[in-house]
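Two complexes follow with chain A in common, the first pairing it with chain B and the second with chain C.
Showing the complex of A and B:
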């Protein structure tokens, strides 16, 4: 890629990133509403009830991450394969169809909200299953669009270069897309319902998405540090082995209490306890490469992208690894399942594992679009990364305090009844936790403002390099 | 052509390892899923006649009393449907004998019961229950867990005024703000009388699912269900 000449696929990637960052804002907004309702339950009562705000909060999250993930693939695909993406026109049409479908779903969520207890509601309003509430018609639309995307990826790689990163992505994306089908059916048996629902949720976020992150992370390392491709790809294969080796059967840690056989206790405990291992590996790998390249005198070519990648590896290890391990063993999970524990874990894990790397990929696109040899961190970029990272960490710690309280009071002392639930919710440690969560959430929203501003302006605000000064002087 | 390198730094070795590990893990998962699906199949009225325990029992359990008691043999609480009996290998199990009226009847046929819980499940999804409550512990954390909601002591205290707890729960569901129990009220979701009955049936059915002892010590306070006798 020379100068600011972009592949059409990369232009499309920027469209995906743009929708992603807008939906990221929506996610934060509805999260804010839900966080306020925990403290002031009458806030927007009967207008935008908690269930709707919370559904929009998590759906916006999933959808914007998927947008950014597709965007990042369209960004790196022509660069890795060395050719324009095959079927780029179709890819553009698919983008507009998907975006129109998402807009309709969001409008229905906001203004229709719920329906009568009939099949038609499942088809046209909401499926009412956490994270995958999207009505059935939208499911089918999503599958169609994803098929176009898979065709683009496969046809392009077949025709162009087959790098290790692309091979991993090809295998991973087909698994990722196929798993969505596991969530597209209805059953009266809630245990079987949740069994397959976890195939989508867990095998996305704790298996296929993690492998996706490892592959895209490898690409970002090559781009920002000029890391050795052979070493990056070797690590990538090791990561795949460890992530799928632990993550696939780690699914068992969701099968402790939903009407499933007892053997999932042992299987879930063992494999999910191993899940943090590859995340440590990812973190060590990034820092090791950084040190090695610095030793050779090589500079980071995109400081914000690299900084967000570092936040990614550390946040992934801390949020998904440490916070996940804290309550993954059945002996502990018996008391923490269904409390604020998973909320605490979920916030840092989604941020650390996925949000940070997607922002990193966006900075790569900013650099590519402007055709800059180097992209440095601006003041706004620094505020964005600091406020968002510290904010999410503080939210997590606050939720953890609330979670401890809930577990001890509701589960430990009061035997998980409704009365026990509300006694725990009114406990001052719990309420304080919720208060700090709201405050930290506001910091994240301010950070988001800086982030959007920085993504739009940082390419123009780069300090002039020494070398360029001389060139300019010579030209004058 | 690949240059000669140690196996530990050979991409080919790691690529093969990744493929094998993923393949073996996937095959194991599929195998275990077949077994789990067989064990999680919804039971039938015949199982209940023969006193065969199913993890997910037939919906006709709505005709029976349901309790949640510590089984010393399994080491955790289990649902006790229609009274308890001794298990041959030790501990206790459901006797499937003691019936109780549910909306005035205790003779729902398998077909009727299935239709009822079908409507109940659809309503639970259509009203987005899972985005405030947890069911089997999964969902949102803004409102109480519903796994054993049918057995919650709250309803025992309200039952006499409504002529039975099923009527109390149904009344609550049709106009929650009127019977609000906490500042954090449940909104009125336009649940009809039929939908409310179906949801209550689902809650009763769900409380009979064998959840391997979750939630632990349920109702230990204020002499609710005698979890720790």
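Showing the complex of A and C:
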């Protein structure tokens, strides 16, 4: 069966996914520029400075993930609720407004790279806060668009079916959207400013986004493995409890050195140590389901989506769990903070926890759009998942080598001095680590090329099913 | 009680990073072996590996505490947490088993 009738909301989801994948490409491109500049600081100097390339790299990451997250909700919402999304016309208008605003913000970043930091800068150029650097006019626009999105979700669920997945998403999305407000006001005191800014960044990635992923992951399991809905939903509540239980006060590990009281050392240490616990719970859950489903003959209905979901499970454990715990306790964080350690952790954790599952959701949309009963992995799909996963892992290991050098040389031997910083930057091991990171980044970009090609073509390359052959033969 | 972070010699950095990573890996090995044996996908003999992993985990956690120069009180809390972790996979497995037994016979609504 080729081509199927989609809900208007699902057509909108495809638009969100399309912009998300384009921004993903932009993220990789600006990341590549920044990686080259680490090795050759004069590269594009005064044309695209490191500060701008890095800013675009990390902001594009956040924005494309948000696009993909909104897209995934618009995809599953009518399917779960059993009705078309309420206020879909408004949702379409909001999409175009958001996309226009993102394009303008990126152009301003590129054309106004340096200048005075005035009140007008905050309003029209950039707020200068890592990850959420959009100027205030765009902030207000984002809030308006998100209000439309929340209206769509709430009005639709109220009118349609109330599934467990949707109820968790409703609660989570209101927290996710509400937290953005904590990054919209400015204070003259940098410690106070950072205190609130971390609410957005940390409570997104280690609380509300994790819960979002658990809910969407549950939906993908139902769709790809025909998993029992009630089991998935019951387990979802347990995961929500564990993630919020450890993730909210895990915020403390960002409060070690920003001027907040010292009791955050103990709170941060304790809850950071607890943060891998939900990952263990998730791991036991996956093992349990895999063990129970073996031999039941349940065929995977969307192999690429399921493969990316598997990458998510292991990537999340390694990136967030192993690489997080290696440098998060305050005693060692004193020496690792501000080195390449957080970069190593961040690359694998973002990829494992969020990028992989969003790509999985995109493959679900590809299958739904084509109206295919099953979607199988193509060669291009295997190249994409292999190159991107191995590339990110190698990038993480390379950054870890560079980070270790920094910790030893800059922090251990030279006591975190300015001189120590430059000595560490010139160290052979640091430079080689950065070189390997660049090579791994190139592998990821090639993998991205395969991914885009596969998303566009995999539906057309599916083998004809036996049943369909018989129907075709009978018709002939 | 005020707590001060002790200086750590740079010669201990590598050990701290490696031990921290091993803590997560052995923690996962314990949960993994335990679950696979309970699911009868591994022989009961492998339960020794599960509890062996947990014992190594406790040792590693104690060693990490020493490397980080934590206070005696914190060291006790860490070991107490390891006792909690001994129970954790049991609780998760119990919850999963009960949830599956309760809902598995009901028809699936994809």
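Here is the rule we go by: the second predicted complex is superposed on the first by the 463 of 476 C-alpha atoms of A that agree within 3 Å, B and C clash if a C-alpha of one lies under 4 Å from a C-alpha of the other, contacts with A are read in each partner's own complex, and residues count from 1 in each chain.
Going forward, a contact is a pair of C-beta atoms (placed from the backbone, for glycine too) under 8 Å apart; a residue touches a chain by one contact, two chains touch by 3 or more.
As the structure is a prediction and not an experimental result, all values here were calculated from the model.
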After lining up the shared chain so the two structures overlap, which partner does A:404 touch, if you call chain B first and chain C second: first, second, both or neither? second
Is A:86 in contact with chain B, with chain C, with both, or with neither (first, second, both, neither)? neither
Based on the superposed arrangement, let me know which partner A:284 touches: chain B (first), chain C (second), both, or neither? second
For A:415, select first, second, both or neither according to whether it touches chain B, chain C, the two together, or no partner. first
According to the stated criteria, A:317 is in contact with first (chain B), second (chain C), both, or neither; which is it? second
Does the superposition put A:234 against chain B (first), chain C (second), both, or neither? both
Which partner does A:223 contact after superposing on A: first (chain B), second (chain C), both, neither? second
For A:60, is the partner it touches chain B (first), chain C (second), both, or none of the two (neither)? neither
Which one hits more chain A residues, chain B or chain C? B
Between chain B and chain C, whom does A:138 touch in the aligned arrangement: first, second, both, or neither? neither
Take the contacts of chain A with chain B and those with chain C, and give the residues found in both. 230, 234, 238, 262, 265, 334-335, 411, 413
Given the complex with chain B, which residues does chain A contribute to the contact? 34, 37-38, 41-42, 45-46, 49-52, 54-55, 113-119, 121-122, 125-130, 133, 164, 188-192, 194-195, 197, 230, 233-234, 237-238, 240-241, 244-245, 248-249, 251, 254-265, 267, 334-335, 337-340, 342-343, 411, 413-422, 425
Within the complex, which stretch of chain B touches chain A? 9-11, 14-15, 17-18, 21-22, 25-26, 28-29, 32-33, 35-37, 39-42, 55-56, 114, 117-132, 134-142, 144-145, 147-149, 152-154, 181-185, 187-192, 195, 198-199, 206, 209-222, 224, 227
In the complex formed with chain A, which residues of chain C make contact? 2-3, 5-6, 8-10, 13-14, 16-17, 20-21, 23-25, 27-28, 31-32, 34-36, 39, 41, 68-70, 81, 85, 88-89, 92-93, 95-96, 99-100, 102-104, 106, 108-110
Would you mind writing out the residues of chain A in touch with chain C in their complex? 222-223, 226-231, 234-235, 238, 262, 265-266, 273, 276-277, 280-281, 283-285, 287-288, 291-292, 294, 317, 321-323, 325-327, 329-332, 334-335, 404, 407-408, 411-413
